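One chain, chain A, links the two complexes that follow: it is found with chain B in the first and with chain C in the second.
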Partner chain A sequence: MMSQTNWNLEPSLESAAQIQLQAQYELFIDGKWQAPLSNTYFDNVNPADESHLAKIAWGNAADVDLAVCAARTAYDNVWSKLSGAERGKYLFRIARLMQEKAKELAILETLDGGKPIRESRDIDIPLACNHFFYYAGWADKLQEAFAGQQIAALGVAGQITPWNFPLLMLAWKVAPALACGNTVVLKPAETTSLTALKFAEICQEAGLPAGVVNIVTGYGDTGAALVAHPDVDKIAFTGSTAVGKQIQKACIGTAKKLTLELGGKSANIILEDAPIDQAVEGVINSIFFNQGHVCCAGSRLFVQESIAERVIEKLKFRLQSIYVGHPLDKNTDIGAINSKKQLETIERYIAIGLAEGAEMYQPDCALPSQGFYCKPTLFTDVAQSARIAQEEVFGPVLTIQTFRTMEEVVQKANNSPYGLAAGVWTDKGARIFGLSQQLKAGVIWANTYNKFDPASPFGGYKESGFGREGGRHGLSAYLKFSN
Partner chain B sequence: MLGNLSTPELSSLLALSPSIDQIGTNERITRIQARSIKGAAKMQGLRMALSMIDLTTLEGKDTPAKVRQLCFKAQHLHDQAADLPTVAAVCVYPTMVGVAKKALGNSGIKVASVSTAFPSGQAPFEVKKLDTLYALDNGADEIDMVVSRGRFLSGDYQFVYDEIAAIKELCSTARLKVIFETGELDSLDQVRKISDLAIAAGADFIKTSTGKIQPAATFPVVLTMLGAIKDHFDKTGQMIGMKPAGGISSSKLALQHLLMVKEVLGEAWLSNEWYRFGASSLANDLLMQYQKQLTGKYQSAAYFSID
Partner chain C sequence: MEILKTYKLYIGGQFPRTESGRSYAVVSPSGQHLANACQGSKKDVRNAVQAARKAQGSWAGKSAFNRSQIIYRIAEMLEARKGQFLEELQALGSDLKSATQEVESSIDRCVYYAGWADKFQTLLGSVNPVASSHFNFSVPEAMGVVGVVACQQTALLGFISQVLPALIGGNTVVVIANQKSPLCAITLAEVLATSDVPGGVVNILTGEVSEMLPTLSAHMDVNALSIAPIEAKLQQKAQEEAIDNLKRVRIFAEPLYAESAQGLPYISDFQEIKTTWHPVEQIAGGAGGY
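Coming up: the complex of A and B.
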């Protein structure tokens, strides 16, 4: 009988050769590429190997003002005069063009942000396209969505997107805004501007009227200028709770409508009757999806004591077949951490966890020598009062706590300033309903995790923000109501 | 403990079988199927898969001459390619065991015999016993028995358990593969339960299907059975073999199954001592892919001997 071991997959890199990056990107204002009035550009780095990708315009308040004026003019003269059906046609056209360019968008997203090509190809880009298709369908049915109510577009929406799902978050914001008849000024996160800039090209190709979508790249000051602009009717922000609080303060006393989708420290709960192997796989999806850069990541795992040892043993074994490596490798499960700054944050939290006395486990895997990488990390023996269990790490770091009763786990899960998402794993339907009524979280998944659909609203409780994106609920964030 | 559990003991054992969630199972499989198996890894995988085949003929029209031809193929998969492994075993009906044994000589290739009134298992136990003894007396190295699915579905777990345990006792040194015919079972929960039952009763290998019924070795079914093997290993340190049979006819599927074994059980199972493919048409597809990897060109199917 013959025996063979050491069967290892070879790297299988998606080719980035087909991507034509420009050396320098300008601002997209009023349907044209415009050099920034600031005359400033910043370097965009590939987190997979720290190589330079492009120079990107750093818009200042004057640039933001130009963009808002363009959006206002487009709203007054063109967009607000179109019927819903006409707006829907543009959205369908954009959605189809995104689908046609799906591969290019996926590679760009991975180059720019470090996420595995498997995820950008199979999750981010298809979902982003689906959001446009979904909201394209609503554009001429708004009155049916809110029967008996007087509805109208808001005007100019200022939108600020995060770096974890750049194009998908753009889609979550731009698609409903346009469907409801608003025009848009979007500020993408500074580390991940490329797919937003590609999206601007798609808008041009779709023949979208000038000024309906404007993209102003830059850092936090660019975003602050957008928030502060008096002619913006609505601010939609996805990002950290700290920045969300600043934005909310800045909007006090203005007529701006605001939605915030902020941080989380979501609880993933495994009861003793759960389908254990699938629950373990669910934990992998809940915390290691997108390197853990997910606002709704199930970063706090609660396991019923009777099965805790077995679950932890299975998790550790499962981590042996997680591939950490180059994001363009089709076999990569965990790619690059988005930025050096974020890697430092994660490493700081790992040090805090160790200092707090929690037990750490990381699989024995080699990391690339260049670029920003972090091994998947488990912390056991974690107390509810530990910082590692309370604060958002935004990385591939899971804390594991045990519990004895349902009452205990509900208390512990809710004992957090956040309330974005939760997961429940059990074979009993009644327990799913019981727990989901008691857990204070905007989204609750049962026997699965991190599932998204354009028809399903998403948003948080408490310091995870307010307002809903997605579904019919997502429309109301971009409409004004008067009865 | 193996083989002599009382009804209460068996009940409490089966009560521990975890439930299996179909959607989560499919997600795990999607992950594995998204992997890219290329280059040297593909070559190694193809060779490994060839060495794990139980080359099978199980037809009413089987004759000694047909079985001898199959046995020749088992030893000479494709002599045009140098250094190919042989298959692991030839799998035949009990009446053909003697013929196969003689034809394979001391090639090292095992003779596996189906038994216990394959494929339906609908015969009195005495008949099943004689069926098995006949195969063993003629030199079978491995016994592929079918379980009484009707008894299992009606809840008579003790009957199924006792039957497996009794056949295992007859086998002495021959290795026992227990066929569930998962296409006749209702859910992954049942697949898991019968896996736990068969392993407790003394199965050396658990096997999905007879090849006579569809669906056969689907990914969810195989993953569920691998989960039972893994849990048993973690609890006892004892390795159990796995044999998917029926439906795995392409190299791509075979390589994905091997990757699933590697990820779910570990590399220790990546040998024909612990893993087999029950297949007839798979071998030629593996050979075609192998030649393609070697030469960079696909050859016509006419260049690969049937049998």
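Coming up: the complex of A and C.
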């Protein structure tokens, strides 16, 4: 039995005084800040302590229309006339400016969304910058990427991003869209608009022609207006499967090109020959990274029976040293749950898991008294049919199941309507390739998890959506093909 | 006395009658009764999907080279049966010239796609230079079971143009044949049955599109749909039903004789891209040596 540990960490708070928030944010349309025609604003709350951050414009259909018109005009008059090389230069310039403001962006992201500063500083923001750098270089090489095929820009791209990786998802969408010669209307998630609005400033500073990037903040109705707009040629959405299906329905009978990056219930598989300590650390990263608000989170852990007891014991031990705390604290491993609504969803699923008869483990850790927090949670004795093993929780909740044979684990892992990602932990290279072939998922991580790179295509099978973001494959989402 | 042929369904490598026990008359444009064809039912659709699913793993598991050989064999068998297809197409209203063009184009398209079977992977896949110590690569993989509503005008070439790009990539298919002119499709089934295409890889149903399509488009074990132009309402309904399990839906509306009716995009339409991060061990001091 491993002994109890006691980690008393001195708080190490990143100072939010380094950034200046505005009291109120307008819409970014045609290169200018414009008050919403809706005349409506919504409150933006810091999930770490429920304090008020700013008022943000709530765009309606008329605002969306203005933005789409601006994007169309910019496409017709300016952006479609630029060479790929010139477009690329703008993207390179944007990437550099983002790098220069990395600290500010990281603090904003953490304030707004509740993710640990360590993650926004070391993962979200650098990856977002790199994404712009990466696609900047494609802008003048598109024909080489699709030799023998006739390609063209689509026109105006409507993009709807989620709240879990606000700036990174913006980068995943805006960078390839602009590189391929499209103009953009972006609708960020309502709980996390700040880095998108900062990005608008960066576009201004980079001298990006007016209307090439437009940002319309708001709720689901704002996004629906964007999807319904007849002059939008492309919709790219990252978010829940339920909303993705509504969007797919709304696009039927239109010429809109659609890509969807939706939910998941990804399997993380530990085989008996795996380096166990490394695997345990990988499990922690696979499910507790970003509070588990990760579409590809390894939320279903499968451990080979012979090592299950050891792995579970080590996991429980490791959970005791996970630090749940203020997102700006550099010690923090798990920050704030993004919103009250999401915390309620997670708590509901934990209750469902208990009611279904699974055994729960949570470490004995203190949670901040204000704000939205959730302890890291493990469930063992989980049935394959249990709702917590089938449905996406989108929080720090892991189900653990065991298996005996490879055949069995492949079957269990694939027994899901989703197919976004999977993890495999083993010492054997051939086994990695073998399992990778068998698992129905768009991304397979071997002896690692939640790794992202601009060069690496990302996207799902089945109900996890369609289309890829990242790499050469990510260009296809923003091009029209004709033989 | 002439022996009349019964046109049956093609499911799981067998030629069953429809379980519904119904048939419909196939008539020429001049009103001549040519044959009876099975009027497939919802249950037939479900049986066909089941057969297609069962066959999919081993079809995708064959080597790409082997799939190429099998598709080329289809071309050979088509050539051997050319006369029969010409007769059927003419009976259904084509003149000899256009019938000949259709059969020859169909054979050419088979040869074309046979050649793609072991090459598209090279073009659709990639090795991706990630920043961490991983060998990161992307490969195309079959989507699974593809439902096809075949072209309702050009029976043979339409069928070939929609089915082959899905097939060569390791998908299995359930085809709702041309409703008015199902003869070619069933004769094609006879070609497939004798060209080393494993049972269940191609399944062919005849009957009313409007009756069978809803079952196909709503079926949770179908991964994608390829729909040739049909009545707008019917198409929209199918697209809506497809959403339930997020089927990938492609509308195949290219002019069939155009060069643009064949090519890599039609193959990639029914492929998923899978990206694997494989660890690479860093060997100390190994970087600089030569």
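We adopt the following convention: the second predicted complex is superposed on the first by the 476 of 483 C-alpha atoms of A that agree within 3 Å, B and C clash if a C-alpha of one lies under 4 Å from a C-alpha of the other, contacts with A are read in each partner's own complex, and residues count from 1 in each chain.
Definition applied: a residue touches a chain if its C-beta (ideal position, glycine included) is under 8 Å from a C-beta of that chain, and two chains touch if they have at least 3 such contacts.
None of these values were measured; they are calculated from a predicted model.
**Q** Of chain B and chain C, which one touches more of chain A's residues?
**A** In the superposed model, C touches more residues of chain A.
**Q** A:Gly465 in the overlay: touching chain B, chain C, both, or neither? Say first, second, both or neither.
**A** After superposition on chain A, A:Gly465 lies in contact with chain C alone.
**Q** Thinking of the overlay built on chain A, is A:Thr448 touched by chain B (first), by chain C (second), by both, or by neither?
**A** A:Thr448 contacts both chain B and chain C.
**Q** Touching A:Phe433 in the superposition: chain B (first), chain C (second), both, neither?
**A** Once the two structures are laid over each other on A, A:Phe433 reaches chain C alone.
**Q** Please work out whether A:Gln248 is in contact with chain B alone, chain C alone, both, or neither, and reply first, second, both or neither.
**A** In the superposition, A:Gln248 touches chain C alone.
**Q** Considering only touches as defined above, state whether A:Ala23 meets chain B (first), chain C (second), both or neither.
**A** neither
**Q** Applying the touch criterion given at the start, work out whether A:Ala366 contacts chain B, chain C, both or neither, answering first, second, both or neither.
**A** After superposing on A, A:Ala366 lies clear of both chain B and chain C.
**Q** If we overlay the two complexes on their shared chain A, which of chain B and chain C does A:Gln149 touch? Say first, second, both or neither.
**A** After superposition on chain A, A:Gln149 lies in contact with chain C alone.
**Q** Can you list the residues of chain A that meet both chain B and chain C?
**A** 447-448
**Q** In their complex, what parts of chain B are in touch with chain A?
**A** Contacts found on chain B: 18-21, 23-25, 27-28, 31, 34-41, 44-45, 47-48, 51, 85, 88, 108, 227, 234, 258-259, 262-263, 267-268, 270-273.
**Q** Which of the residues in chain C come into contact with chain A in the complex?
**A** Spelled out, the residues of chain C in touch with chain A are 126, 128-132, 134, 136, 138, 223, 236, 239-240, 243-246, 248, 259-260, 262-265, 272-279.
**Q** Which of the residues in chain A come into contact with chain B in the complex?
**A** Residues 1-10, 12, 118, 122, 273-279, 281-282, 285, 313, 321, 330-331, 333, 427, 447-448.
**Q** Residue numbers of chain A touching chain C in their complex, please.
**A** 130, 148-149, 241, 244-245, 248-249, 252-253, 260, 262, 417, 429, 432-433, 436, 441-448, 451, 453, 455-459, 461-463, 465-466, 468, 471-473, 481-483
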